[in-house]
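You will see two complexes here that share chain A, one where it goes with chain B and one where it goes with chain C.
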Partner chain A sequence: MALIDLANPSRFLALVGRVLPWLALATAIAFAIGIVLVLMAPDDYQQGATVKIMFVHVPAAWLASLIWVVMSIAALGTLAWRHPLADVAAKSAAPIGAAFTFLCLFAGSMWGRPMWGTYWVWDARLTSVLVMFLMYLGLIALWHTVEDPTRAGRTAAILILVGAINLPIIKFSVDWWNTLHQGTSVFRLEGPTIYPTILAPLLVMALAFTLLFVTLHLAAMRNEILRRRVRTLRVLQAHGA
Partner chain B sequence: MKLSGTDLACVRAGLPIFRDVSFAIEAGQALLITGPNGSGKTTLLRLIAGLIRPTQGHIMLGGVDPEASIGEEAHYLAHQDALKPSLTVAENLGFWSRFLGPGASPEAALAAVGLDSLTGLPAAYLSAGQRRRLSLARLLAVYRPIWLLDEPTAALDADGQASLAKLMQDHLASGGIIVAATHGPLGINGASELRLSGGEPGCGPGPASPSGAREEVRGNEAVSPGRSRLAVGRITTQPQAAKRATVRQSLGSIFIRDVTIALRVGGGALMGVLFFLAVVTLIPFALGPDLALLRRVGPAVLWLGALLASLLALDRLFAADQDDGSLDLIVTSGPPLELTVGAKAAAHWLTTGLPLVVASPLFGVLLNLEPGSIGATALTLLVGTPALTLIGLIGAALAVALRRGGILLPVLVLPLTIPVLIFGVAAAHAALGGPVRFATPFTILCALTLISLVIGPFAAAATLRHTE
Partner chain C sequence: MTLPAHAAFIIAAYGATIAVVIALIAWVIGDYREQKRVLAELDARGLGRKAG
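Presenting the complex of A and B:
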């Protein structure tokens, strides 16, 4: 199947129907391995068992950013090529992105309470994730405000691309402001600074989270396409077709 | 039942629209108001409906309960269809039937206009002609003896015009009265015609002279200028009195409608909470991330955020009803306007104010508040946000009266909310100890809310009544 065929929503639906069970299975396996590895990983000598929260917190944070990238590509597709699926992709990614961002913030504050003595600090990095959460919610609100999906789609696409400017700020905010939040420790020029015993489960969990996102996203896109078809059918019914 | 107008004149924005207009119609009769664009046909209908007051002359309704106003006995069908796009066809019709009073069953009314296959469809999907048919169905689902129709055939196809003619004939046969502004024949036999000739362009108000509009009533056959002295050509039954919904039923239906609309697409029920979160997020950027400082100013930040969020959300409370024509029906034919306004305020608070209260503890955590302080702030918001909504009602009504929205509302209303803010924040601070007991500012806050409950709906209703 050529890539261009996927532009046709019917073929896309057929493909999703075939792929989705396997993706769900892969997600389940990745999570099973990841959770076992996390349980086997040693506790931190300072942080104790709370370090395990990181295995949820960090992949969720990665996903929060990654989903915005996915939405930005979709937004380009909407604006530049008016691709029929691009708008669907962006719209169905937004609630998933918001959920992962919330998970990241929630897990972070659960960790912050015993470690920093407070659920929340206005650290640059935390704050920019919070701003990102706000932007996700704003986007969802925008889609929920406009009844006509294509009209909402183009407006939302512009907002997504503007919001994409926020992503680098999150990534480099730690280096710029260098506050209470610990610096980057996985992706560094000198190589990772965490032990492989912790790094391996982290990477597996990241993979599991990414698979979970892909599965949820495809399912959400399928729902959105079907929802739009129902809407079109009802409009046609109203106009006596 | 007899509806008559004597020597009516109307001046709007300093320009005379018409003068010396008189008419009289009895049960079972129809009056067609004709005339060129701008001759005041709609104005005359709104005058009869009681939406505007005549500059001169008066309108009388004889043969009914002397307490009843014409607006209560009449059903005004304006250019706007008084439909909510996010509600379904059945929900739109069912609302008016419950709010204004029953008539034919909504199913029968929809069948009469040929919409019975579309009951579950949101009104947003309807074409202009279908929307018009739906508002015609409202005439049946809400029984009123007098129909005031403003160009009822607009957007209707031939089939729709035929069924409209039949509806009107049936209404006349049952003793109803129809006054219709129209450009064409409506297919009513034996209707008399009131021709408004329109003002001559460029003519200002002056002494009684050929300038300005003059009225002319004629029967279908003979043209007889001057006062209408219509011979009653047929024996008619007297119409039934309008069936009115109980006040409780009316208020319940508008409360449920407003909550439903807020939760549907475009309703924006949770938008206030998002705005609240955005404000709370911005404050530390301005103040700096000092947790001790944020803890000190936290209750004030939460109060300011809730204040702004609840006021900004009020902008469209009445404006939406005005734009789609619902407000005309609510003002003229509904239950006492103060109560309706109160019910709308309650629905608005439930969908906008209460979510702010529920979200405030979470935002309190962001601002590093202590648990006691979080609880106290949430409690003061629970008591105080109704006051904000009720005070904001006045601004929302003014925005409708002035036909200006947006930033004007907060400008008008923010000064009025200062007492609520003072005692709300004072109570939240007093909960943590200090020279003042918590109960002192808190009871004053409760009192402010109760006072707003009295002032808000009355002032808003008075403003809406004088909108025209």
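Presenting the complex of A and C:
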């Protein structure tokens, strides 16, 4: 099957039906390995056992931004190429992105209270992630408010691309401003600053979270295609009546 | 076995993660079943075949 064939929703549905069980299995295996590594990981010399919160906070934070990147690519597909699956991809990704952004903020505050002495501080990193969470919620509200999916998709695509300005702000906020949030410690030119016994479970959990997102996203896209079929049939029914 | 210091915060973080993941899985499965049910209903009325 050529890549262009996936633009056909029926072929896409057939492909999703074939790959979803395997993706779900890979996700379960990655989580099983990740959880074992998390349980075996030593306490940090400064953070103690609270370092274990990082194994869910950091992957959730990475996914929160990655999902906005996925939506931005889909938004380009909607606006520039009018790809039939682009809007479906963006709309289906938004609730998953919102969920992971919430998880990032919640787990972060659970780490912040014992480590910083506060659940929340209005520093650049935390505030820019909160802004992204609110933008996710705004997009979901928009898709629910505008009845015509094509109109909603175009407006949402513009908002997604405007919101993408926040991505470099989130990434570089710890470098541009003096923040309580720590600086980059994994993806650095000089290499990670994290000891391997803690880095390994973090990366495996990040892989597991990413596989979970891909699985959920494909499943949600399938649902959205079916929902649009239902809508089309109902419109036909209304016109025939 | 003694709980580590700040165990409540660790349990809360992992509890929220499990709840969010279960909610997302339930959402996609529930939504899929609902859409399939409605499509089957419309199909039973002959609308699915009419739409091609």
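Simple rule for what comes next: the second predicted complex is superposed on the first by the 240 of 241 C-alpha atoms of A that agree within 3 Å, B and C clash if a C-alpha of one lies under 4 Å from a C-alpha of the other, contacts with A are read in each partner's own complex, and residues count from 1 in each chain.
Convention: a residue touches a chain if its C-beta (ideal position, glycine included) is under 8 Å from a C-beta of that chain, and two chains touch if they have at least 3 such contacts.
As the structure is a prediction and not an experimental result, all values here were calculated from the model.
A.B. asks: Under the stated touch criterion, which partner chain does A:57 make contact with: chain B (first), chain C (second), both, or neither?
C.D. replies: Second partner only, chain C.
A.B. asks: Taking the superposition on A as described, I'd like to know which of chain B and chain C A:102 touches: first, second, both or neither.
C.D. replies: Second partner only.
A.B. asks: Chain B or chain C: which reaches more residues on chain A?
C.D. replies: C
A.B. asks: In the overlay, answer first, second, both or neither for which of chain B and chain C A:237 touches.
C.D. replies: In the superposed model, A:237 contacts both chain B and chain C.
A.B. asks: Is A:145 in contact with chain B, with chain C, with both, or with neither (first, second, both, neither)?
C.D. replies: So A:145 only meets chain B here.
A.B. asks: First (chain B), second (chain C), both or neither: which does A:89 touch?
C.D. replies: In the superposed model, A:89 contacts neither chain B nor chain C.
A.B. asks: Who does A:43 touch here: chain B (first), chain C (second), both, or neither?
C.D. replies: Second partner only, chain C.
A.B. asks: Taking the superposition on A as described, I'd like to know which of chain B and chain C A:206 touches: first, second, both or neither.
C.D. replies: Neither: A:206 stays clear of chain B and chain C.
A.B. asks: In the superposed view, which residues of chain A touch chain B and also chain C?
C.D. replies: In chain A, residues 234, 237 are touched by chain B and also by chain C.
A.B. asks: Can you check the complex and tell me which residues of chain A touch chain B?
C.D. replies: On the chain A side, the touching residues are 109, 118-123, 127, 130-131, 134, 137-138, 141, 144-147, 179, 234-235, 237-239.
A.B. asks: What residues on chain C touch chain A, complex-wise?
C.D. replies: 4-7, 9-10, 12-14, 16-17, 20-21, 23-25, 27-29, 31-32, 35-36, 38-39, 42, 45, 47-48, 50-51
A.B. asks: For the complex, which residues does chain B have touching chain A?
C.D. replies: Checking each residue of chain B against chain A gives 85-86, 117-118, 121-122, 124-127, 130, 265-266, 268, 270-271, 274, 277-278, 281, 284-285, 289, 291, 294, 365-366, 368.
A.B. asks: Which residues, counting only chain A, touch chain C once they are in their complex?
C.D. replies: 43, 48-50, 52-53, 56-57, 60, 95-96, 99-100, 102-103, 106-107, 110-111, 113-114, 212, 216, 219-220, 222-223, 226-227, 229-230, 232-234, 236-237, 240
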